[in-house]
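As structure tokens, here come the structures.
First chain A sits with chain B, and in the next complex the same chain sits with chain C.
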Partner chain A sequence: MIEELRKKAEELLKNGTVKVVFGYGEGSVPERTRPVFITKPEDVNKLTWNKYCVYNLTTYLKRQETRKLGKPALILKGCDARTIIVLLKECQIKREDVYIIGVTCDGVGDPLAEKCKACDVHTPLIYDDLVGEKRENKEVPFEERYAELDEYEKLEEKDKWEFWQKQFEKCIKCYACSNICPLCFCDRCIVEKNQPQWIDPSAHPRGNLSWNVTRAYHLAGRCINCEECQRVCPVDIPLNLLNKKLAKEAEKSFDYRPGYNIDDELAMSTYKEDDDEDFFK
Partner chain B sequence: MSKKIGVFVCHCGTNISATVDVEKVAEEAKKNNPGVSYTTTYKYMCSDPGQKLLRDKIKEEGLDGVVVAACSPKMHEHTFRNASKKAGMNPYHVEISNLREQCSWVHPDKPTGTEKSVDLVRMMTEKTRKDKSLNPIKVPVTKRALVIGGGIAGIQAALDIADAGHEVIMVEREASIGGHMAQLSETFPTLDCSQCIMTPKMVELAQNENITLYTWSEIEAVDGYLGNFDVKIRKKARSVDLDLCTGCSSCWQVCPSKKIKSEFDMGLGKRTAIYIPFPQAIPSKPVLDREHCLLFKDARKKNIPPNDSKVCRKCLDICPIAPVKAIDYTQEDEIITEKIGAIVVATGYKELDDISMYGEYGGGKYKDVITGLQFERLASASGPSEGEIQRPSDGKVPEIIVFIQCVGSRDPAKGCSYCSKTCCMYTAKHTMLYKHKVHHGHAYVFYIDIRCPGKGYEEFSLRAIEEEGATYLRGRVSRVYKKGDKLVVLGADTLTGSVVEIEADMVVLASAMKAQDDAEKFAQKLSIQYDKDKFFSEIHPKLKPVESSSAGIFLAGTCQGPKDIPETVAQAGAAASKVLALLSADELEREPVVAKVDRLPAPIFSTCIGCFYCQRVCPYGAIESEDIKARDGSTIKTVARVNEGLCQGCGLCAATCRSKSVELAGFNDEQVYAEINSVEFN
Partner chain C sequence: MSKAEAKPENQFEPKIIAFLCNWCTYAGADLAGTGRKEYQANVRIIKLPCTGGIDPLFLIKAFERGADGILVSGCHPGDCHYNSGNYHARRRWNVFRPLLEFCGINPDRIQFSWISAAEGGKWVETINGIVDAVRELGPFESYQKLNTIGPETSGGAADASSETG
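After this line comes the complex of A and B, so read on.
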């Protein structure tokens, strides 16, 4: 599979289809990989593929440094490819401006990442080329997909509040969560707006709460649960728990899951006259 | 420089002062708030002396910000802003603190009410501090009106506007103007001939130099906004060149397809494939019905261009116009665009013609069970029987005729829940017309209630009963069935408590007035609201009866709800006067409370990232996309832009924007932030 990936990358770079390939390379230790940006066909041997390829490379679509490299080909797992669908819906990329090398995937991480436990996109839903044996994407029941929330949802409201207050207390406002997020693509984040300063930038409990809640709200109905925010958080705030809870609510209320179908209307900006609106009765 | 703010607390009689200690509110407003330089209370701020007080104090105290603590801004924001404008202040430095609807009316207890009022006033004081001067947006006006629909409502509105000296474009989807009124025989309560009063108006419209008439045309799309609409009109292929045709009638006389049911005669008469709908049609020039024309039928069957078919070209051959004939089989739909300042919607109604849903009345089953409008055609001198009342089945003159009222109306189970308003009167008229033509005949009417509230209406319906001898039976009909060549009508007379059985020759159903079949779609095209019955909605049933929910679009006639002719004409005149008010100005002033997407210096250009969530949530279609270009013409960034003409200032875009790149003037981030902050920290 690695050979196939390298061959594909070499071909795309050689025939000029793309200027750069975003992929995974060997890390400093065997249990790690790191993102690599291959611009020359002779460098394709730097590409690798293994169970440590957890990152979502679509985040580099928003970075100026990587955008400058020209039209990219991205090596994307099924989960990562869902980001592409959201980005297309939100007018951030044009389909013809990215080349997708989809890879079929049985799960990443050691131990297996949380996101892989209820995976229903072993084969990406959108790609130009597929590497690896095509697999049938089996539907996973609603409860199973959100099993991660079971423990949390058992908590009393008061305890939930306490739980999050404790978690957010740890926040040092490093903004790694928003930097890594492929869907946090604003040029100027609301936290950077200082006239007025809606969100207190100091690492004070009040500002921490507004920052973390705002970040989660801004991802409601959009987050594809790649878990990157949680992975990069230096103080281990379970950010994806919050994301997942909002994803569950969005699915329950609007029967909508981001990144599955390019023809779906966006949950958070669609008005329907026949909406029974029973979620706020 | 910090502002000098004045706080004016209104008692509103006792509406506010009964549950709010207004003196204390005024006192607290000044406390710890150096910006507030003047406070007072007054019994009725909205009264003339109240407004004078405001104006005087602005001048005397040199105020540059005002908080009026009174009722809802919906009520008097405009009043106080106007007053401050007269005192030389920019009106957008006036804020209303709602102490009535949001405080005194909902809190029975005075200490709580007072405490909350103090907070509410402080919030608005803080907002006022951040208020910026705003100036009305000026929008140029295209001095041309569009009237959609050429019935009596449209004709009246068009004439009124044109007579005031403005250009009018009328679009009518049928081949002739006239609408339903042209179909009527005589009109209640005066029994004057409908055609006689209608046709002069039609001619007047056709001859008016200010009016451009497009018949056989439909509205394709309406874009733009108040004063500046872009309207696309589809001129359907008529197959006849209106400029060349003289209406000589040769073509429809030779047309061999003579058995097509005439829509104008409600299916009772026949017409040809190339035809004018009725003799007084305007324009008095034919249209070719491509569905029924032999040539087009043949062309469709063989799948060839119509001009290649040789089946029948009688109309073309006989057309005396030379050298170019007025008939053109190759004509295609044409779409034209017109710039329009204001629109009158007068699209009318549709009679409930699917009477087969009333099988118990024999609707759809028996030929001699007809609708009210069909009866009008029978009674009309220009109708299929030239005004003689004849049964459709065998042409016999009916000697006993039964009218059934409220067919479809007031019947929520099967038809519509509303009253169609005109049927009581037209049924009374029908019994008279019948009696005048068939002296020995007898008319029976089954009714639920007789509703005739109008000038001369009650007298008219009494005349039908007392002088013209119609028998009115209060009750419903349970069944109509055939017995020989008679229709037996079984019904109840609830006043005597007896069952009635009448052997009638003909039955007329007073069928309901309904919204046009495509009313819903059409309303969506124009972004105007409609009610559950698909009639277009006015903004306010009492005070804004002709204004639609979209600025610059007005309603006239039965598209808004069932009405009779006098009411329709009155409403059309009202709509026309609204249009004239708009067109009389060179520029329109609009509230400057509109949204704006930020623009910044390079290299950012705008913090907008172009996700266009704002565009998706905007109910007015006011968000456009704009490409910010580099000097070499390449696109740097695609961002959102607000069309100020369309924006109604609802603020949905501002609330949706994640990067806070959209701000609503008068409600900008700093103002809202100041309001919120003043509560939290005090």
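After this line comes the complex of A and C, so read on.
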């Protein structure tokens, strides 16, 4: 499969279809990989593929440094390819501006990443070329997909508050979570605005709550559950729980899952006249 | 106008912030006023063009600045002055409310309602309802006590005194 990837990348670079290939390369230790940006056909041997390729490379689509390199081909797993569908839907990229080398995947990470446990996109839903044997995308029931949330939803109100305060208290406002997020692409983030100052920039519990709630909320109906925010968090806040909770609510209320169908309206930019309003007085 | 009847001394008076749309609920509150209807005076009104323009950050900010409860109210579905603002708002609250609940904030502290310009009575009922409900819950201390000087290990004097005292 690695050979196939390298051949494909070489071919694309040689015939000028793309200017750069975003892929995974070997890391400093065997249990790690790092993103590589191949611009010359003779460098394709740097590409690799193994179970440690957990990252979502679509995040480089929003960066100036990588945008400058020209039209990219991206090596994407099924989950990562969902990001492309959201980005297309939100008019951040044009379909003809990216070339997608989809790879089929049976799960990454060691131990297996949480996101892979209820995976239903072993074969990407959108790609130009597929590398690897095609897998069947089996549907996973709703309860199973959000099973991780159960133990937290069951908590008493007070315990929930304490749990999250303990988590948010650790936050050092490094913004790694939003920097890595492929869908956090505002040129000027709300935390950088200070007229008025919506979110307190220093890392104290009150400002941390505002920041973490806002970050999560801005991904409502958009997050594709790549878990990158949680992976990069230097203080191990389980950020993806918040994202997952919002995804669950969006699915429950609007019957919408981001990144599956390019024809679906974006959940938060549309409405239905019969949306749930039980909680309105 | 607070009620004239004798009220228990030292009774907790909650601060309620109401985000109202200009066209329906604000006019409804106005009607309650011109109709000389009495309701509890714990509410501070912030008038906005439309509920569709209310960013959830407004709510967070209100809590940060000491609100004990929040009311968001606008036109009934189908009556929006801008046709669809309230529908979009409803979508937002559909996900934002469970998020706060997930973080341990009592959903009774944030209430939503549709009140039209003709429903002065409903305004009075809604306000009395939320004031009573929030009074029952007590001051939103857990939020207001969140310090602004970093984790407790940093040994902030202001917080240390309130913790031990």
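One rule holds for everything that comes next: the second predicted complex is superposed on the first by the 273 of 281 C-alpha atoms of A that agree within 3 Å, B and C clash if a C-alpha of one lies under 4 Å from a C-alpha of the other, contacts with A are read in each partner's own complex, and residues count from 1 in each chain.
As a working rule, contacts are C-beta pairs under 8 Å (C-beta built on N, C-alpha and C of every residue); 3 or more make two chains touch, one makes a residue touch a chain.
Quick caveat, the model's predicted, so the values are computed rather than measured.
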Partner contacting more residues of chain A (chain B vs chain C): C
Touched partner set for A:203, first chain B, second chain C, both or neither: second
Which superposed partner A:220 touches (first chain B, second chain C, both, neither): second
Partner chain(s) touched by A:90 [first = chain B, second = chain C, both, neither]: first
Touched partner set for A:250, first chain B, second chain C, both or neither: second
First, second, both or neither for A:159, with chain B first and chain C second: second
First, second, both or neither for A:266, with chain B first and chain C second: first
First (chain B), second (chain C), both or neither touched by A:190: both
Footprint overlap on chain A, comparing chain B with chain C: 190, 198, 268, 270-271
Complex contact set, residues of chain B against chain A: 604, 607, 609-613, 616-617, 619, 638, 656, 658-661, 669-670, 673-674
List of chain C residues in touch with chain A within their complex: 56-57, 60-61, 64, 77-78, 84, 87-88, 90-107, 111-114, 126, 129, 142-143, 146-152
Parts of chain A lying in touch with chain B, wherever the complex brings them together: 90-92, 185-190, 193, 195-196, 198, 218, 266, 268-271
Touch list for chain A against partner chain C, complex: 152-153, 155, 157-165, 169-170, 190, 198-200, 202-207, 209-210, 213-214, 216-217, 220-221, 242, 245-246, 249-250, 253-254, 267-268, 270-273, 275-277, 279-281
